[in-house]
Amino acid sequence: MNHKVLILHGPNLNLLGAREPDMYGAVTLAEIDRRLGEAAAERGVELRSFQSSSDGALIDAIHEAQDWADGIVFNPGAYTHSSYALRDAIAAIDLPTVEVHLSNVDAREAFRRRSVIAPVCVGKIAGFGWYSYLLSLDALLQLLGSQ
Amino acid sequence: MNHKVLILHGPNLNLLGAREPDMYGAVTLAEIDRRLGEAAAERGVELRSFQSSSDGALIDAIHEAQDWADGIVFNPGAYTHSSYALRDAIAAIDLPTVEVHLSNVDAREAFRRRSVIAPVCVGKIAGFGWYSYLLSLDALLQLLGSQ
Amino acid sequence: MNHKVLILHGPNLNLLGAREPDMYGAVTLAEIDRRLGEAAAERGVELRSFQSSSDGALIDAIHEAQDWADGIVFNPGAYTHSSYALRDAIAAIDLPTVEVHLSNVDAREAFRRRSVIAPVCVGKIAGFGWYSYLLSLDALLQLLGSQ
Amino acid sequence: MNHKVLILHGPNLNLLGAREPDMYGAVTLAEIDRRLGEAAAERGVELRSFQSSSDGALIDAIHEAQDWADGIVFNPGAYTHSSYALRDAIAAIDLPTVEVHLSNVDAREAFRRRSVIAPVCVGKIAGFGWYSYLLSLDALLQLLGSQ
Amino acid sequence: MNHKVLILHGPNLNLLGAREPDMYGAVTLAEIDRRLGEAAAERGVELRSFQSSSDGALIDAIHEAQDWADGIVFNPGAYTHSSYALRDAIAAIDLPTVEVHLSNVDAREAFRRRSVIAPVCVGKIAGFGWYSYLLSLDALLQLLGSQ
Amino acid sequence: MNHKVLILHGPNLNLLGAREPDMYGAVTLAEIDRRLGEAAAERGVELRSFQSSSDGALIDAIHEAQDWADGIVFNPGAYTHSSYALRDAIAAIDLPTVEVHLSNVDAREAFRRRSVIAPVCVGKIAGFGWYSYLLSLDALLQLLGSQ
Amino acid sequence: MNHKVLILHGPNLNLLGAREPDMYGAVTLAEIDRRLGEAAAERGVELRSFQSSSDGALIDAIHEAQDWADGIVFNPGAYTHSSYALRDAIAAIDLPTVEVHLSNVDAREAFRRRSVIAPVCVGKIAGFGWYSYLLSLDALLQLLGSQ
Amino acid sequence: MNHKVLILHGPNLNLLGAREPDMYGAVTLAEIDRRLGEAAAERGVELRSFQSSSDGALIDAIHEAQDWADGIVFNPGAYTHSSYALRDAIAAIDLPTVEVHLSNVDAREAFRRRSVIAPVCVGKIAGFGWYSYLLSLDALLQLLGSQ
Amino acid sequence: MNHKVLILHGPNLNLLGAREPDMYGAVTLAEIDRRLGEAAAERGVELRSFQSSSDGALIDAIHEAQDWADGIVFNPGAYTHSSYALRDAIAAIDLPTVEVHLSNVDAREAFRRRSVIAPVCVGKIAGFGWYSYLLSLDALLQLLGSQ
Amino acid sequence: MNHKVLILHGPNLNLLGAREPDMYGAVTLAEIDRRLGEAAAERGVELRSFQSSSDGALIDAIHEAQDWADGIVFNPGAYTHSSYALRDAIAAIDLPTVEVHLSNVDAREAFRRRSVIAPVCVGKIAGFGWYSYLLSLDALLQLLGSQ
Amino acid sequence: MNHKVLILHGPNLNLLGAREPDMYGAVTLAEIDRRLGEAAAERGVELRSFQSSSDGALIDAIHEAQDWADGIVFNPGAYTHSSYALRDAIAAIDLPTVEVHLSNVDAREAFRRRSVIAPVCVGKIAGFGWYSYLLSLDALLQLLGSQ
Amino acid sequence: MNHKVLILHGPNLNLLGAREPDMYGAVTLAEIDRRLGEAAAERGVELRSFQSSSDGALIDAIHEAQDWADGIVFNPGAYTHSSYALRDAIAAIDLPTVEVHLSNVDAREAFRRRSVIAPVCVGKIAGFGWYSYLLSLDALLQLLGSQ
């Protein structure tokens, strides 16, 4: 059976490539999605990708995922540090969720060291640019027992 | 004269019934609205109900309420603990607002003990599941002088 | 079967009516007890009321309640914010307890926003003056299954 | 008209003279009351003195004072630092209250620097041993307009 | 060359004029925009104005500004104090942004004294009602070298 | 010469055996006193035991102990964490006092890790149920030089 | 009637131009005063300027201003973050005071984000170098009703 | 032998009478000094009075006092809360110093509750307007053994 | 069956007797081990004693204990306050561990009041010098059911 | 060219498999090293593995790594939260280091949410049991440009 | 070329010798200056010494030093802990500054452990009485390359 | 008589010269020891030098020093900020200890501003690279009375 995975990108990630490339790398979000798509195809996995800078839209996407997905790879961006509503959304559904970050957030400003999302996720991968997503996908598939 | 009341449900409450039933009960949001509707009819009160997981949409609903409602029963969900914008929305209009929670939030994680909404509400009812809403409606009506 | 409920009033509540009426209302404690008595009679419930400004006497009343009562409506007054001994008393017995306040304590001084009692209570009702007690009684009866 | 003043001594003050004389002086509580009595007589003032180590008993004494006294000189002892119930008792009545301490509490352990009583008192006198009481009496009389 | 400026109004600012006039003044948002428009015309500047109470919509407006604007005058309202996502949005684009407030936020509640937006803005003007916007426009134009 | 020891039990300890047996054990307070009595008899020591849930009554008992006892074994219960008045009572008399707890308080909720009593006690024994008392008695006797 | 304004420069501002030009700009204090003088002349306003690195001298200047000035533009420099005495000086007189900073202080070290002066000022302008002063003058004149 | 006392007034006290009379009273500093002078004459005490809003000038006055004075009555104004240098000045000389305040500082803003001066003073009198000074003088004389 | 117990001494305890005898007593570590050996012999218990000032060596000793010991009496010295690695070592094995201290650590410097070890121990005995160890041994044996 | 990688295991990891398997999994450290060895062989990478519970030994291993390794995969265990010396060791050498954890540390006790190591690492992978190591190896190789 | 050094003494240092000799030693400031003068002569260095208890005067002296001195040895006394204005003065000029203290400030009261001056100094020497100055002079000369 | 001094180097100092030369200088530890050796020879002092990155080994070296040394110059490296065990080791022996640092630790990351070692040392010298050691040696000799 093929696993289905939601790749969820939080606020400002649509600017990737253009935005502070020293911090976040020069790869665009479309390119990340393309690379993940290729890797997913190799692994026999179905991906859907969604980006929004709106807290509410991200929550809605998480709610809907419980109808079709087996797990989530979620980059909550700056909502990582403050959105208890996103945390409750993940807790409310029954899907393993991997927290992913492009940069090594624990090595940056103090406020970025606090994740209110982490306690409801299965694990966290941060600091490897676009490759963090690929590692997260593999981590999720390992958990789902398909790798 | 019949009072008109906005029942406002915050983030993730659309999942009620399915979401962590040990914590939030097995009653769905639609069922809560139905029960409140019955109770309102008995009391000669007109209710309108609205749910959103978006901070901005909740603020808009509060703004609009000042054109038609006499008061608000508001479950701000996880926005209780962080949304100064919601707080300012309630302060900006001139309607008594009751803060309502399904669970006893002060008995849970530390972050849930802080309500940034409370200082602009008339009172707070928490911990009685769907019945918290009914008590809140009665509390509001008592304040409005119709009970 | 008739439920039996202890209405427990904490420190300074004996001054109600005279004390800071802008904050606490003009209804005396005796009048609150009378109104609750009427409501209890309508609901077929037996009430006993007790007030003390002594931490120890309140603890003793809670201990004794386990011999006769089915639940407690408790206004801990200023002990809400500091009395771990009262908290342990409630935890030690096996009776559902509703925390009740006349004013909306979460909207007042910072020290009043902390309840050390809340984690051992089933719920909290605050901000509706004497009517908070009536709502609390209804909340307790709903929990006890008699309403 | 003769003013009437309650001299209220908090916890452990009954041990004065014996208790840590380096910190609190060698004068007993009875002797303090006697000296205050003499001074009151000279000033045409009526004093009543009460000591208790029980939070509740002190609150009761404050409540009763509003029936007969014009002001209170209050040494709350260690309750100074934690008793919101005593604070509420003073706020609930309508009598000017002077906070008095034998030792200079702000110069001792960190916990003694916090007075939860101060915001409801008219002033504070600390550090002059038994003489703090006499100064407090004069301060109160000045406020009452009799000196 | 004419400079182009985005005037960005955050949550609840649509209520201006009606909302707490003692704090925020009696001028409506439309009137502010009109006055700014007049001033801009005098200065040969093109303005576009946008208001939203949604975090996500504000972020989107900031993203789009990089395609047409030379700078931003931004009143983040209550998001000032909590929205790291808005902060990242400003940091992600390459436009000078002036933080503007109607009231003197540093003189109000403690939570309003913290700006998570400030570190990515060029400056801050607060406390002069609608006139804060005009000063901010002039400050931005000075920075852009057109005044 | 036979030593005399006050065994002082603080708030809620009268409920032992019935109260949360997983935490505090199934032995009643009377049974603890009986076992301590037997052990004291073997050691030629005279015990008096007192329990109260009132802060003031415990302080009075400590004051009186200085007239007859050689030391105190004191379980301050929840007053451990907040009662500066009890602390001052122990400091005011000249008797070695052992702080005793049934459960390992430092391993429980954060608030239980703070003892305001400890700085005026000679030592602390916690976590061994009723046997904590027996160890405390032996510790005290060792200090008094009789063992 | 011509308004009269005190331009008050706090500690270290005499070094402007030479001092950390990346942070504070290359314009000297004399040049700032000259530019303000020109602008004041255009606006029919009388300015007096004073600089001191002494807390006491700044307080004295504020005191004296109440005899001749209609308002103050005040750059408190590093005293912004610690001088309650300066705060009391402004509160003690009856003149509107604008807090001005060359750099965007809220974007710098944590200690610079705290202004103990702000609560007694009418508003704050920061981050625009010498131009902050000119904006502050205009803000003050707008408040005084002369622009 | 006649005692000699320095009456030391800190920052902004020169404005007394004019400054916030609701908080500080309508008596001028000159009038306070006159009344203290009268009282001192009655008590056979020599007073010298000094006011400055400069931290350094106050320190110098304290240093000089050790050459002629027997004690100090010191109102450190807002320096109470921050000036470790003043604290060290008092600690460095060998004169008993009474901390005096017109208002009840512990009942005002949080920052006014902290006295860095207190640990080096013999006592504190606050809240009785100009009469605080007279009480402080009596307290000091009592300590010096002349009353 | 004879119980086997590891007596584990942490950093600096090898200096006992010589080190700050006012605080820690004049008994050497060898003498403590000898006295414990005697007591163990009387109780039919086998002891092994180990001291190290190295965090890693203590962890290794704890690991090895699970192969031969029934319980541990552990004085973690200053590692009590900071070594999460020691805490994890105790949690990782399945042996009841008693935390023991010579001095009453909760009565000393603030940093000594925090035990990161306590949450994984069964109980704590502190303040009775070398005798703390003997009480701890008895407490452990009681737990193991051999006394 | 073959890359060489140090796999560094911190305190208590030698107990893996036996230690709290619910938290850390049932795979032993030897088995993890074997699986990593296989994966490394497939990728043409040379691994060396080292475990110690001693802070100093881990620092020494890091120092030595700069003579032979191209990067480090480091599980600092409980030293993650407190060892500034380990942090300095990593900062002192010039090798990319990946922080790896078996459990999702940010979802556990508060003290485990702080990593003093993170600011000197390139990234962090946590929560996937033994598979965290394999992902970390791949992340490091990606960084080294060999994958 | 001879180096020129400003020896700057902060508040209360004029009292040295007389002031708390147990803490600060019995050597007067004049004697320290004399000894430093001798040492400077030996090293071919020109010294100027200045003492003030006024924050502003110390800032002025630092400003003037940039016209003639090559470096500063600065004992900021109690201003060390609070004077951001002094910190800015040092940052504003371009001279290496050594922070010097007679006592070991990090070993005293908590407030003395914070130096707001340190981040703008090249180093710190504390605890060696008058000899701290001599060491600081040598440290500065070493930095200036003359030793 | 010749004094004997232990030069004790803490964690990571073996890497000096290679490690972050911008921060710590380019001089190796061997070279520092050589220079100190020369200086000691000139001063007739005997030095022994020891470096370890192990907390336990440093403690052992301190213990042994009491058998042969007259004082210690100690660079605790990163253990400065966390090792209460090292602090206790210094307190346990009777030798004056100078805390030395290559960099000006109070000017770096917040965690480096806290020294748990300082309260048991005689003084502190920081910021002068290798020369800090030489100054510390001179400071120690001055204390020992040999210079």
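As written, the chains take the letters A, B, C, D, E, F, G, H, I, J, K and L, and residue 1 is the first residue of each chain.
Please note the rule applied: a contact is a pair of C-beta atoms (placed from the backbone, for glycine too) under 8 Å apart; a residue touches a chain by one contact, two chains touch by 3 or more.
Computed from a predicted model, the values in this text were never measured in an experiment.
Among the pairs A-B and A-J, the greater number of C-beta contacts is found at A-J. Listed options F-I, B-E or A-J contain a single repeat of the D-F interface, assigned here to B-E, on the basis that more than half of the contact pairs agree by residue number.
Subunit C and subunit I, compared by their mean Cα positions, are separated by 47 Å. Distance between subunit G and subunit J, defined via averaged C-alpha coordinates, is recorded as 55 Å. Centres computed as Cα averages put subunit D at a distance of 63 Å from subunit J.
Along subunit C, residues 54-57, 82 each make contact with two or more other chains.
Against subunit F, in their complex, subunit I makes its touches with residues 98, 104, 106-107, 113-115, 118-128, 131-132, 135, 138-139, 142-143. On the side of subunit H, the complex with subunit G involves touching residues 10-12, 14-15, 18-20, 52-57, 77-79, 81-82, 111-112.
Taken in their complex, subunit G has these residues touching subunit H: 54-57, 59-60, 63, 82-85, 87-89, 91-93, 116.
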